Amino acid sequence: MANIEYLLLFLVGSAVISYFLTRLNSFIGSIFTIFATMFVFVSLAAYGFNMNLDTTVSLLPWFSFSQTYLGFFFVIIIAFIYLMVSFFHPYFLDKYPYKNSYNLLFLLSLAGIIGAFYTDHFLQLFFFFEMIIWTTMFLIPQGKSREAAVSYFGFSLTGSVALLIGIFVIYQNVGRFDIQAGLAGISGTTSVFVFVLFMIAALAKLGTFPLHIWLPLAHGNAPHPFSPVLSGALVKLGAFIGILALIKINPIGPVIGAIDLALGQYIIAFIGSLSIVFGTLMAIKEDDAKKLLAYSSMSHGGYILVAFSALNGFAFAGGLYHILAHALASAGAFMAIAAVARATGTTKMKELGGMIHKMPITYLAYLIAIISMAGIPPMGGFISKWLIFQAVIDRGMILIAVAVFFGSVGSFLYVFRPLAALFLGQEFREYKHVKEAPLLMLIPTFIIMGLNIYTGVIPKQIIDFINNIIGENTAFAPVVATTFTVTATYGTLNAGLIALIFGVGVAIAFIIFILMKKSRKVELMDTYTAANFVHDEHLLHYSVDFYAPLERMYEKQSHWMKKFYDALAHKVKEVGKLAKYLFMSNNIGVTLIWILVIIVLLIGVVAL
Amino acid sequence: MKKLFGLILFMGLGVLIILALNNTISFPKFGSVDLSDRVADAYLDNDNVSEVGSANIVTAIVVGYRGFDTLGEVTVLFISALGVAFLFSFKKEKRLDLKFKPNFMLKHGSKLLFGIMLVVSLYIITHGHLTPGGGFPGGAIIASGVLLLYLADDKFRSNIKGFKVLEGVAGSLFVIIGLLGLILATSFLENFIASGTVGQLLSAGIIPIIYVLIGLKVGSEIASVVDNFLTEEESA
Amino acid sequence: MSAVLLIAIPLLAAFISILFKKYSIYLLFAVTIFNIANVFLATEGIIIIGGFSPPLGISLLVDTYSKIALLLVNALVLVIAALNVKAYPKYGTILLLVVAGLNGLVLTNDLFNFFVFLEISGIAAYLITASNKKPITTFRYLVIGAIGSSLFLLGLIILYSMFGTLNMVDMIKEIALNNNYQELVLPFTLMFIGLGVEAKLLPFNSWVKGILGHSNTFSGPMIASVYASAMGFVLGRFITNLFNFEGMLLTVVLVILVAGIVLSDIMAFASKKSREILLFSSVAQASMIALLFVNGIIIWAVYLIIANALSKTVMFMIINKAQKDVGSDEVKSLQGLFANNLVIGIIFTIATLSVMGLPLLVGFTIKLNFLTELADAGQIWTIAFILIASVVEGIYFVKLLLKLWYPEGNLIKVNYHLSFKLVFAIIALALLTFGVYQAPLDKLDNTVDTVMEVVNNG
Amino acid sequence: MIQYAAILLFVLGLYGIFISTNTIKMLVSLNILEIGLNIFIISIGFNYQGIAPILSSVSDTGLIYVDPLPQALVLTAIVIGVGTTALGLAFAKSIYQKYQSFDLNDMEESL
């Protein structure tokens, strides 16, 4: 099916069907969901790459669609993540209190995604954004926490509202809701307003620095198969808005001479770098594996912001590449953790260990994902970070470069911790019965593993597609790439060669490991205890207080943002109580005073 | 403190309204009203007066021109009477005791007085279109007669059921006359009887008929309100 | 058929019904069904009463706008009464008077006659709220309502003495000739406050908390949807035709209304009781409707009134029934209400999402359209405030929804009658349908915007 | 002057409602307010030369009458006031039956 309208209707229709099928049997419903998602993904992939989708509308005449390379880039990544995740549904749904509606909302939110990236009308963009928000908002509380859903919804809604106000500011000045024309048509103070409002939306949805509170809550507490969607797919909506604001609107504010960059863009880059630093620091001290990855998403959101605000070809390409790489990596990591959580029932690192013996493939998937996440070759994350580094240094943004490098080093520190804690080390006794994930769940695991490597080794096709996007949306120079290499200002990266060396190195290490296999498996209680009697073996787990000295440095400061929002909510409540006292008093006299005040005000000021 | 503060505040409001009215040019000064630019001028027009047929122009307005208002007004009274009865609907009720024992003179004198009041009220009601008065004051006099009976006789209970029927029938007839206007003439509450000579008892078309109905309705409604206030739940 | 029957027949029925008390509720059903049919048949234009041409006598004004209002009011009364037949059977006569009063309120073309109907419907409302069994709150409502209508009466009398007429169309013409808005500030302020009390606009509405905060399945929807929508329509008529706010008065009214929206949503945010949350949201919606009328966005205000009336009927009924069965309206004690009542839960969710203005539901279409028109009018700050309030609104509604969906500890048991479910499902389906398929909404657009034209043609 | 006195009576009624907590006093204040309003309504139709608008014969020409419309309106307003007061008193009585008090302050907690 090559018509967007039909795709949307198909998704809505199959959402309804999946509800009834899931009601009947959650396995059948989930299988149906897989096929529906797959159908949509395949249709998009088959026609979308060359912009061959049919955008005419006949059944939904009040919508209007147009296809762009940029939109397609996002939509194909997100649809892919949706497809991968849907393979997990058959094994997870039974645990959820309202499992019937899970597939329904899942498919509806996918419909929202497709609409959002294909529409060329601002109000429809808002329509689809809101649709995504409320459908996903009902998915999150099926996991562990309802506060998480409220927080997710609150921040997302704040973002949407900022977006909508921005849209109306544009509309007032340009007189139309067309996205391209609207963004091109504004200038001066108006564009500053729009920029600020759109950036609030972008920061809120991307979960970056000042608006990041929802991210660990939602990622950490969402149902296990939904966390990959959140982190891999939904936060990218923020990146899309970020591109609209940073790239499509003319640069904001005076140009800073030293780095030849507009002030507005620099501020966003700075916020991005703050996000990198905070995300890294918070991730280091986090104990829950999913929350840790959530904080890593926050820092990666920072990278994306830095990339888009640097305003040149490499940076833009790097940012887009990073979106892809991070989507794959975080989806892979979250899915691996979901598989572990399914088997063991927990995501707390200190409660887990030794899963490598039980779930080797999951382990491998996680390993590859975090290599990409940390920006180590030969995975996609390396290429994107390399491009971003080039751009930052090219611009001479010292402060931001420091943050970017800090984030990169920091990510080594935290991503391997879940690896070690979950998969390596000794097993706990309670997980003796655990088995590898079922085949249906391994399919997406393998695919994502492969793609993580593919993006790191053969950048050609992706860079080519990104060059299309650059040509479509900007005046930047395209990035030069051959099958295995990418060229930037400070040299050429030969991803293929690096991968080859890396592969050889791994092979040698593996041979050594096989030849010199001497390790002996011991029970957790066999070691360390010496003469002490240990009540709780979990305390022996080495991931407990792993970075204790480091954490102590910023323990007190780490929650001040959350405290700020709590205090804000509290203040709003107090204002509400005050207002109740002032307006909703049980005393009639108070109302009389208000009537008097208004009459006096109007007559006194106006009539006399 | 609150009292003084409030007094100053609200008196200030009053002064402000007065000043604002004083400043309004279109607002006529007290006592120098010019009727020619008001709709009321038409009510005093000779042709209109003879068309309606009521010598009392206020009555012509209340029952004729703005008869619909009066229907609403009767309804307000009806619904508040209904509400009072609704709030005081007890399973077993008895009337309030008097604090004194009424003597023979009081009991029978009040009945005599009631008769006189009834006659006066009937006169007022039927002459509403000729002289000041009409259904509302007349009805109120009937009801105060009933109140007199209640206060003068500790055994007296009026026939509430009868009042209810009277109330319902009078109200229904009012609306039905209105509907007859719609059917026999062209619009709701339109006069469909010859209006006769201005100043005679049998004139002004449906106005006296409606006023009689209003008098009965108001009388019975206020009387039933009085009755409701003078009853209480019987403690077993 | 004449539109006057819409008022006369309920009145006749009310007078007859006290003779046959037991059948009063069936009389009500017959009358409302008759009225609904009559709305479609009634001729449009000025309807003369008493045979006196307009400035002399009282007249009614029938146009598409008032027909929509009549249809909504009569249908809602019918539905709410039918659903409460068992629980509150004694209200037949009062409801007949409510129908007469509200129909008159919507139809009348005479200011003083309007005041009379305001009092009829007001007193009927006091009696309806008497079913809350909280006489103190009703007493406060009565006193504030009486003050409000006295202010309205004072305003209209000043207008009469200035322009010498009570007929609305006539008055509008006279005012247009006068063109000194300064002089009109005093009467308009007084009338606006008078209407504001009944339409529960913010600083004048302290009665709402007591009344709706203790409402039941009958009084809740009656006050929050039937009265609210009738008052909304009436307020629209007055604001767009008569008041035409200008200058400082316009500024102050706008500030009052915007502050009303923001503060009500914040108050709802600070509430822990489910009924309070709903009532503050109603207050916010009332201010929103008035705000739209002030900005001349008639059609979407009308839709907002309708959508709000439908959703609030459902929401108040569901919550109030639960409160009755559980004995408390604290959100905490209603946790997990929908775990056992899936259908009711879905319907409540749809209604709430529509009120919040989320896509696929009619509330979203309405919200986006009126915001666009506000942007056309250059009211970007108003838009910003409305949207900021909508964030607060969104958060408290989501909190409420999630609490009601996810049980904590013991499951509570609330049984909803099948008729409840059926009626609510139809309403929810309507909200959903018009949220997706909006062509009919646009169609009506052209016919309603002609409120002014009737005035000009006299 | 009478007109101004009427307005002052009106605000005096408002003041009465403002300061009193007793239900009966509130209703009395409400009535004071309404009386002020009614006098004001009558006053706007008054003319120093005018006579009561009751004709003795149709041929009475050249006479100046006071405005009859406010008088008709005030009749309606009075009756409406009576209705509201009656209902208010009924509520006051039922409050008294429930809480044994007319003072709203006494039962503030019971809300």
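A, B, C and D are the chain letters, set down in written order, and residue numbers restart from 1 in every chain.
Going forward, a residue touches a chain if its C-beta (ideal position, glycine included) is under 8 Å from a C-beta of that chain, and two chains touch if they have at least 3 such contacts.
Not measured: the values here are computed from a predicted model.
Engineer: Would you say C-D or A-D is joined by more C-beta pairs in contact?
Structural biologist: C-D
Engineer: Taking every chain's C-alpha mean, which one sits closest to the mean of all protein C-alpha atoms?
Structural biologist: C
Engineer: For subunit A versus subunit D, what separation do you get between their C-alpha means, in angstrom?
Structural biologist: So the centre of subunit A lies 67 Å away from the centre of subunit D.
Engineer: Approximately how many whole Å separate the CA-defined centres of subunit C and subunit D?
Structural biologist: 28
Engineer: Can you check how far apart subunit A and subunit B are, centre to centre, with Cα atoms defining each centre and the answer in Å?
Structural biologist: That pair's centroid distance is 74 Å.
Engineer: Distance from the CA centroid of subunit B to that of subunit D, rounded to the nearest Å?
Structural biologist: Centres of subunit B and subunit D (C-alpha means) sit 15 Å apart.
Engineer: Would you give the residues of subunit C that are in contact with at least 2 other chains, written as numbers and ranges?
Structural biologist: Residues 112, 116, 119, 123, 126-127, 130, 143, 147, 160-161, 166, 183, 185-186, 210 of subunit C touch two or more partner chains.
Engineer: Indicate the residues of subunit D shared as contacts by at least two other chains.
Structural biologist: Expected reply: 10, 14, 17-19, 26, 44, 69, 76, 80, 83-84, 87, 91, 94, 104, 111.
Engineer: Can you pull out the residues of subunit A that are in contact with at least two other chains?
Structural biologist: Expected reply: 586, 588-589, 592-593, 596, 599, 603, 607.
Engineer: Which residues, counting only subunit B, touch subunit C once they are in their complex?
Structural biologist: 17, 20-21, 24-28, 33, 37-40, 42-43, 48, 64-69, 71-73, 75-76, 78-80, 82-83, 86-87, 164-165, 167-169, 171-172, 174-176, 178-179, 181-182, 185-191
Engineer: Once bound in the complex, which stretches of subunit C touch subunit A?
Structural biologist: By the definition above, subunit C touches subunit A via 140, 143-144, 147, 151, 182-183, 185-186, 189-190, 193, 202-210, 247-249, 252, 256, 263, 266-271, 339, 353, 358-360, 364, 368, 371-372, 374-375, 378, 380, 383-384, 387-388, 390-392, 394-395, 398-399, 402-403, 405-406, 438.
Engineer: Mind listing the subunit A positions that touch subunit C in their complex?
Structural biologist: Result: residues 62, 97-98, 123, 126-128, 130-131, 133-134, 137, 141, 146, 149-150, 153-154, 157-158, 161, 164-165, 168-169, 171-172, 572-577, 579-580, 583-588, 590-592, 594-595, 597-599, 601-603, 605-607 of subunit A touch subunit C.
Engineer: Can you list the residues on subunit D that touch subunit B in the complex?
Structural biologist: Residues of subunit D touching subunit B: 1-4, 7-8, 10-12, 14-15, 18-19, 43-48, 50, 52-58, 61, 64-69, 71-72, 75-76, 78-80, 82-84, 86-87, 89-91, 93-94, 97.
Engineer: Touching subunit B in the complex: which residues of subunit C?
Structural biologist: 2, 4-5, 8, 11-12, 14-19, 47-52, 55-58, 90, 93-94, 97, 100-101, 104, 110, 112-113, 116-117, 119-120, 123-124, 126-127, 130, 158, 160-167, 170, 178, 180, 183, 185-186
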